[in-house]
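Before any comments, here is the structure.
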Amino acid sequence: MPDLHDVVDEIAEKMGQREDRGAVATYIPQLARVDPRHFGIAVATADGTLACAGDSEIPFSIQSISKVFTLTLALGVVGDSLWRRVGREPSGNAFNSIAQLELEKGVPRNPFINAGALAVTDVILSGHPPREALGEILRFIRFAAQDDSIFIDEAVARSEKATGFRNAALANFMKSFAVLQHPVDHVLGTYFHHCAIAMTCRQLALAGRFLAQSGRNPDTGFSLVSPERARRINALMLTCGHYDGSGEFAFRVGLPGKSGVGGGILAIAPGRASIAVWSPGLDAAGNSHLGRMALEILAHKMKWSIFGD
Amino acid sequence: MPDLHDVVDEIAEKMGQREDRGAVATYIPQLARVDPRHFGIAVATADGTLACAGDSEIPFSIQSISKVFTLTLALGVVGDSLWRRVGREPSGNAFNSIAQLELEKGVPRNPFINAGALAVTDVILSGHPPREALGEILRFIRFAAQDDSIFIDEAVARSEKATGFRNAALANFMKSFAVLQHPVDHVLGTYFHHCAIAMTCRQLALAGRFLAQSGRNPDTGFSLVSPERARRINALMLTCGHYDGSGEFAFRVGLPGKSGVGGGILAIAPGRASIAVWSPGLDAAGNSHLGRMALEILAHKMKWSIFGD
Amino acid sequence: MPDLHDVVDEIAEKMGQREDRGAVATYIPQLARVDPRHFGIAVATADGTLACAGDSEIPFSIQSISKVFTLTLALGVVGDSLWRRVGREPSGNAFNSIAQLELEKGVPRNPFINAGALAVTDVILSGHPPREALGEILRFIRFAAQDDSIFIDEAVARSEKATGFRNAALANFMKSFAVLQHPVDHVLGTYFHHCAIAMTCRQLALAGRFLAQSGRNPDTGFSLVSPERARRINALMLTCGHYDGSGEFAFRVGLPGKSGVGGGILAIAPGRASIAVWSPGLDAAGNSHLGRMALEILAHKMKWSIFGD
Amino acid sequence: MPDLHDVVDEIAEKMGQREDRGAVATYIPQLARVDPRHFGIAVATADGTLACAGDSEIPFSIQSISKVFTLTLALGVVGDSLWRRVGREPSGNAFNSIAQLELEKGVPRNPFINAGALAVTDVILSGHPPREALGEILRFIRFAAQDDSIFIDEAVARSEKATGFRNAALANFMKSFAVLQHPVDHVLGTYFHHCAIAMTCRQLALAGRFLAQSGRNPDTGFSLVSPERARRINALMLTCGHYDGSGEFAFRVGLPGKSGVGGGILAIAPGRASIAVWSPGLDAAGNSHLGRMALEILAHKMKWSIFGD
């Protein structure tokens, strides 16, 4: 097995040289300004190693990667009854599609498309004002990463709110089917803010460790979720974590992963490592172009694919 | 780790006692006659163990499980250019849906829905008359299982042909977009026949070993596919192998698998085992009800989930 | 030809005796309280006759019938450039469907489904604050009916606003495609208010006369629209005026018409008469059950079908 | 009112000069060879006048216009029970769409889209071998036109059969839902042949007279259908006769009409005239480009719009 540090360094160097970087998302004005030449990677292994390279210390907007943490939190709040509010199947559609929602009477296909994440946010709002719910989400991520410096980028949150008509359409549509229980504005406000959390690759890799280690945070020994729930969240990341590019990601990378439109991806090698990559340019399905490529090389070199050696 | 033979025996006993068995598929008259009380299981591990229980020696119609073998064959014939003819994404639809095919101009979403398998069959027909193409498919499966007694059930094939209007619709639809290159009748005839292959759980578990062992057949040492291709076929089974129940199967069982409407499922624990289960009653998504339940228990007891311990 | 007064009286009597009345719309709480036993009818002919029967003097919420007047107004404001914002084809879907809007990138199929009417309202808002735009709509209807007592039922408008999540979804969705130019709240507020206009059958039949008389208001001699535009609005009412029940209405009644979820229908016999009916119970497609039946009898008895004697 | 002969001559002259002619349908090879510069028109009025101009004596493939006659025949055979097999609503989709058929379990939206016409053909096959059913269709059209020289173009029928995969998909799809009762091959064969009937504009205008004259054939005085049925067929032509261009046709022309992919259109001015136009170039919705334009001018000049003067 090659040395992880060498592999990570080599990947960062290779990615730094590539010219094909995809296109930075433009629909959130604040994200459109990010320099597409960034590339960062961080790997936190089960034995405590942390390997970082490239722009691994620059915070980026985690966007939809936050959905992994809100799903974990919501399952903690309401348990498996969550699945009455949201499905567990790949959607076969874009991340913000509304047509399927109409066919299926407002129940989103899975917690990782926008509609599903809005339903999950609605669950977290139960019994809390939005500000407290948001605080809980942030605390959970800080605790998982063991890092209290993680913050919400208010400028990004405002930018999303000002232009988030598609998400407002999804939320109002679900509300019309009573799939959301809280005021649409509360759900959207909380959602826009948790998507605007900024993290570095290092912080994100550390925050994901519980999914690689049967639910346990290795720093504290504290279980964030049961081993079974960790497995199931990983399964959902594999089948649904990259929208309508999930099949492709499983085919090429072979690891559970969740991408964000900010260009980050959190990937899990169960029992082995939590991995964060970041490169702002996106492919046609809205996933980080170099990020996926980097993970493909990493999984191949380290023989970490869950589908065989 | 518990003893595999004990686990397999226990599962067969438990399943034998259950009353909830789903409904036997009725749309193929020949399959509708099968007794829903059957349950069989066979597990072939990487170390050469073979554990069988229940009706593991009764041949059943493998139906869509044949798509795993035709996909493997077609990749051998045309390599990755196959992916110009068929996609790699979950469909978010039923196994025989035609609406998506219209939106996507006749290109099926993946090789495991009916439309995709018809496109794969069309590839195998290249340069062969249908009878020879069918012979090649059968030879491949016999070779993988190392068992020349595996046969095609002509009565089932005829029954499918007489009632296979939905598949005829799919084939004609793809033909109208020139996605099929051979005459519709040739493609359908070959498809109905390879779906009508009959195998026992034991034979099927043996035939699937190459996917659990990096592409190698352990009896002969001969590689049927490269390790990378084996991983990728496993990835496709995970994301697309159970139609619109694929997310659920990954969530509960955590293994790549392919189901057939005859009630069989082939599941792969990469590096560990090839598993075949059979119980004719189906759930709402068209997958074996007890089969999935049995695999859930097996994966749990043996800690074989690819998503973590 | 039978006497119109006799026919109208006979219809009102017959309808009063029927037990099958459909179901009152419940999704707008304020409308759910209306007594389903109401039936009113008014016919204003080209020669100046006015025949009324039943509850023709009770105001009801015209709801989507207002879309005929806003379309007329918007065409007056921007002319045929309106058709860059909204289509002219039947939708083949329910009045509040959003799936088609996704396929067609936010451009509504026609001005009589909710999405299309929101786009029309957006056009009327050009250069006006919402309050003024609303005033203009109300003035137009009062002028057409020559009756300044027509009013907006604020309780209904508030009720719609509080529960109009589906319309908010449509508006936000179109806004995300930049099909709406004004703030979503302005469009929705104006829309909810013009839908909440209350009219009696008599007032509505009078207001529709310009469509039966080549665009001219017979009281004033003033042309509200050109003859060609009146014909075209009638054509749209025929093909799109009853949502996914438009084909059925044309088949049975044979007159251009526009229904509202409050149970009213405005129908036009070109060159002959403007007709208003009202009965709150709706059929499965959301159109007044007895209203359509009454129009079917009227068109038959008076030989007013546009499709032949 | 201008003189009809003058108007018709003027239209033929004007159309002959236009350069924008749309594109000749290419998906039926035999039709692709037709010269796009043809234009013919014939008008048969209720008072017995026949006005022809341009290529009104050249036979063309009537294609989907045959659906008007098969619908009339099928209604004669089974009466209103036909509507259990096919709907009466515009489809909001292309003429050969299959997606809606899936949503609606194999029941076509209306008798004028391909799927609906196949269901109608299936009804006509009841109790007949295909050859006889076809004979009956041809006899009906010959009788309506009072012209026994009307024939089936076998080369066109063969061409459609060899390339009609899309129609084969539709027929097999409906068969899978048991919406068709006869063998798929019988239905398709009969359908391809009645679409291949060749007629001149003059013959077609004469054949359509019964729809303009309350169901009566003026030559014989014999009623082909009741007045009510004639009205209803006209209503269906208005709402569904031009596929997803039906709204546009109603908006611009204001007459019930049925187009064919061969470039013909049959239009009805109820109580006034039966009109046939032919020009092979099609617009984006698959309807004759110059044909529609000619009808728009004719309806305008003669004040024949059913939607007002």
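Chains: A, B, C and D, in written order; residue numbering restarts at 1 for each.
Assume contacts are C-beta pairs under 8 Å (C-beta built on N, C-alpha and C of every residue); 3 or more make two chains touch, one makes a residue touch a chain.
In UniProt terms the chains read A, B, C, D = Glutaminase.
Small disclaimer: the values here were computed from a predicted structure and weren't measured.
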Relative to chain C, chain with the most remote C-alpha centre: B
Geometric centre distance via CA averages, chain D-chain C, whole Å: 32
Centroid distance [mean C-alpha coordinates] between chain C and chain A, Å: 47
Centroid spacing, where centroids are CA-atom means, of chain B and chain C in whole angstrom: 55
Multi-chain contact residues (two or more partners), chain C: none
Every chain pair in contact, whichever chains are involved: A-B, A-C, B-D, C-D
For the chain D and chain B complex, residues of the former touching the latter: 97-99, 101-103, 165-166, 168-170, 172-173, 175-176, 184
Touching residues (chain side chain C, partner chain D) in the complex: 87-93, 100, 109-110, 211-212, 214, 227, 230-232, 234-236, 238-240, 244-248, 250-251, 254, 256, 270-271, 305-309
